[in-house]
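These are the structures in question, set out in turn.
Two complexes follow with chain A in common, the first pairing it with chain B and the second with chain C.
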Partner chain A sequence: MSNPKQARSSYYESSARARIAGLLEPDSFHEWLPAAERVTSPHLATLEQPAAFDDGVIIGRGRIAGKNIFIAAQEGGFMGGAVGEVHGAKLAGVLERAVRDHPAAVLLLLETGGVRLQEANAGLIAVSEVMRAILAARAAGVTVIVAIGGQYGCFGGMGIAARCASAIIMSEEGRLGLSGPEVIETARGVEEYDSRDRALVWRTVGGKHRYLLGECDVIVPDSIAAFRQAVTACIDNGDDWSLAALEREHQMLAERVQRFGACKDGRDIWRELGWADPDAIAMLDNDEFVAAAHGHRAKNI
Partner chain B sequence: MTIENLKYRFDNGTTTRGVTAIVGVLGSGNLEVLVEPAALGGACEIEVKTAANGFGAIWHAVMKDFFARHRVGDIRVSVNDAGATPAIVSLRLDQAIETYLAQGRTKK
Partner chain C sequence: MEWKSVVEKIFPDGHEVEQTGNLIRGYGRCGPHTAAVIGTTDHTDVGVELALAMAAAVINVIRDHPARPIVFLVDTSGQRLRHRDELLGLNGYMAHLAKCVEMARRRGHPIISLVYEQALSGGFLANGMMADVCAALPEAEIRVMGLAAMARVTRIGEERLTELSKSSPVFAPGAKNYLLMGGLDALWEGDLSLCLSAVLKNIDNTDHRRSLGYERGGRMLAYPVVQRVLASA
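Showing the complex of A and B:
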């Protein structure tokens, strides 16, 4: 089923198209609004900026582990995966189509800095439409799975959109947050947050921290094969779209503020979660980390 | 910033079956190349949109070399460029044409 050529390839290093090719069964991908249709950004053209043929996002349907799914993949290499009007409409469109067609899941491979500043308001509206479309898909019984493991992370409004999904899969290299490190440093100063301190960045927004905080449901090593396996498991697990699940989530979030509100650093949170040596966490490989994290996450359900 | 639009046409290429292919990414120092089949009487038409102005002569040389290497006709090549070097452009063009032809061989 899996493509042997892709078995060992890095998710982090791959382009959006390579990720789709590696995750889906060979030749099962059918793209909607492909590059040749040239549905490009009208705003970038007005600003005389180069516009990608697919506006930096690839959408379509395909098969994974024998199941028919819809998929969208943001290309971080084009404007940092930022969401413009067309880009956002493609993301929302694939989710809205899922409400009608009920695929086994919608898989969103997110890699984005958030709203595309050149398209300001149109981009902001697009992101809010994506959030609404994710919730509409879940309400219609479609599992929405987010994967984060690219160079540019998942930030801005799309960070919120990611948390609207049924499940989030991350690698250690993945980053998830609202304001990105550079944004915080620019707004609040380097004393507040040094965006060049990579260890600080990863223990604030990195995959391991998000897993321990309970925002990321599955953490995987950086390979397309590992992501594929996790996606398959998440499809099988389905989605808990119940009032009880929502209340559990709210309770977890309320407890989190209580427990960690005074913490100044990711390390303080990890200590509070019962890790005797927080500095050792960064050095653990994925399996060791997942085993050691048992009972030491903010989410234990 | 303005975008420079360059167009080239090379005649007497060989008509070869292929399937629309896109390679590369429109990111800094990189480019994306789209190759599509087109009934052009054996010609190869190339359109380049580039953020780096004033390199028309170099683009022409790179495209002439590209056509000399492959001599594929009845195709339309569209390039979005964000300041890639000539070597990168040549590699991407080769990758695009190879993908186009390989897909043509495997598709029934």
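Showing the complex of A and C:
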């Protein structure tokens, strides 16, 4: 059992460290390169920006449901979880260690806006190294599970990296995409994408839409306990890294463009999926939503 | 450089490469090797259709031509910045392309990429940066964001960023910076077909970018940080 007090609490509201404490069995977490080792970003110091002693990501090993796993958790509270050189190397290190040590799974708690602009080149290369390391871990038979449910969502290159994993667990509050709404609004204008229209953003990148589209595998209520249960199930489900699985995914993505390519809004897609009243989706609690989504998702795998 | 000239120079022994929309694909011969060519052109952005088309091209090479080297020709202004593409899950399409490239690698296809014009952030991650060997023409532009935009977002003066970029490769645009940081293996100059055949002679499928960045002095922390993670209790 994990710490019951932390496990009941909101995943969204929790810090990266509290998420780890709530997900793992008590006292099972062993941190690598903890804050005491002061592995910080020198690039931020050059630009006279504050640094964090863990560079915004906590990594280590621990146990969940009796299984030994590796874990990394991005801290949205530090620079929106943005990936710099050290931050990215810590993520890649966990995954590459997994190729060597074969834990039962690697769990990535992602909360990030993507590349940290103050060290943009290092960040972009690091995200690429993380993508390759995720796929290397999977090719080595290690299941890689991504959880998304924090305030900053999961965007930029890390939104691509997330979809390289074996499975994604999201809460309704979680958001997953490539370019964030502000980026698109800045580039194309508010008529293209109004980043302050929270309902529109939610219908575009929110957990329920991602679940219906088949972009995430599991949707859970916003509690650490619910995430833990889903992680355990994903570990048991294992992974399918095969050409056949990729070809199935290709088929799904091709059908998605054909079927929904002309849709202007999440609601149009949901209607096409057979939801008579798309506006009611936001009101359903997680259990009702999952039950109602049966047969009304774009994913049948 | 026009993609046609690039293809002429890389594959003087013959090639059959065609453009459909902004996608280029086909194959070329370089000495004893026949390589598949997949790429984009006209500084195109990459939306769901183009990412899917590139993925289809990779899957076809895996199916029809086992172990054939794949050469990505990169020219992109980045991921498409449209609401519609985000609605459809562009990140998932990009990841699918990256997975196809990884699958090809695991099945013995050497993966080479050449940035011949422009490579920007998200459009570069899913193909060019997935290669075993990533090269660029010297005049190619590689960046996440220009300094002016970066100055606005980070609220650090553009003059200060420009000044700092003279001594640090870490944030400023430019192929040379990516070379120093290990994100590029080499700049290809002179006889491009010699460049490709040299690469094909001793390509391997491990990710060397961290150690390259360390050796070249442009990215001094990534490598030791990973080593420390590997050595931790």
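Rule of thumb we're sticking to: the second predicted complex is superposed on the first by the 301 of 301 C-alpha atoms of A that agree within 3 Å, B and C clash if a C-alpha of one lies under 4 Å from a C-alpha of the other, contacts with A are read in each partner's own complex, and residues count from 1 in each chain.
Keep this in mind: contacts are C-beta pairs under 8 Å (C-beta built on N, C-alpha and C of every residue); 3 or more make two chains touch, one makes a residue touch a chain.
None of these values were measured; they are calculated from a predicted model.
Look at chain A after the overlay: chain B and chain C fit there side by side. Within the superposed three-chain model, A:Ile145 lies out of touch with both chain B and chain C [touch as defined at top]. Applying the stated contact rule after C-alpha superposition, one finds that A:Val231 touches neither chain B nor chain C. In the overlay built on the shared chain, the residue A:Gly261 is in contact with chain C alone; chain B does not reach it. In the overlay built on the shared chain, the residue A:Val39 is in contact with chain C alone; chain B does not reach it.
Using the contact criterion defined above for the overlaid structures, shared-chain residue A:Ile64 touches neither chain B nor chain C, since it reaches no partner. Of the two partner chains, chain C is the only one that A:Gly93 touches; chain B does not reach it. When both complexes are overlaid on chain A, the residue A:Gly159 reaches chain C alone and has no touch with chain B. Comparing chain B with chain C, more residues of chain A are touched by C. Closest CA pair between chain B and chain C after superposition: 8 Å apart. Note: residues 47 of chain A belong to the chain B contact set and to the chain C contact set alike, using the contact criterion stated above. Residues of chain B that touch chain A in their complex: 1-3, 20, 22, 25-27, 30, 32, 34, 36, 49-51, 78, 80-82. Touching chain C in their complex are the following residues of chain A: 30, 32-33, 39, 41-43, 46-47, 59, 85-86, 88-90, 92-94, 96-97, 100, 115, 117-129, 131-133, 135-136, 139, 156-157, 159-164, 176-179, 181, 183-184, 187-188, 192-193, 204-205, 209-210, 213, 215, 243, 246-247, 249-250, 253-254, 256-257, 260-261, 263-266, 269. Within the complex, the chain C residues that touch chain A are 48-49, 52, 55-56, 59, 62, 79, 81-96, 98-100, 102-103, 106-107, 121-122, 124-126, 129-130, 143-145, 150, 153-154, 156, 164, 168-172, 177-178, 181-183, 207, 209-210, 213, 219, 221-223, 225-226, 228-230, 232-233. Those residues of chain A whose C-beta lies close enough to touch chain B in the complex are 15, 17, 34-36, 47-54, 56, 75, 77-78.
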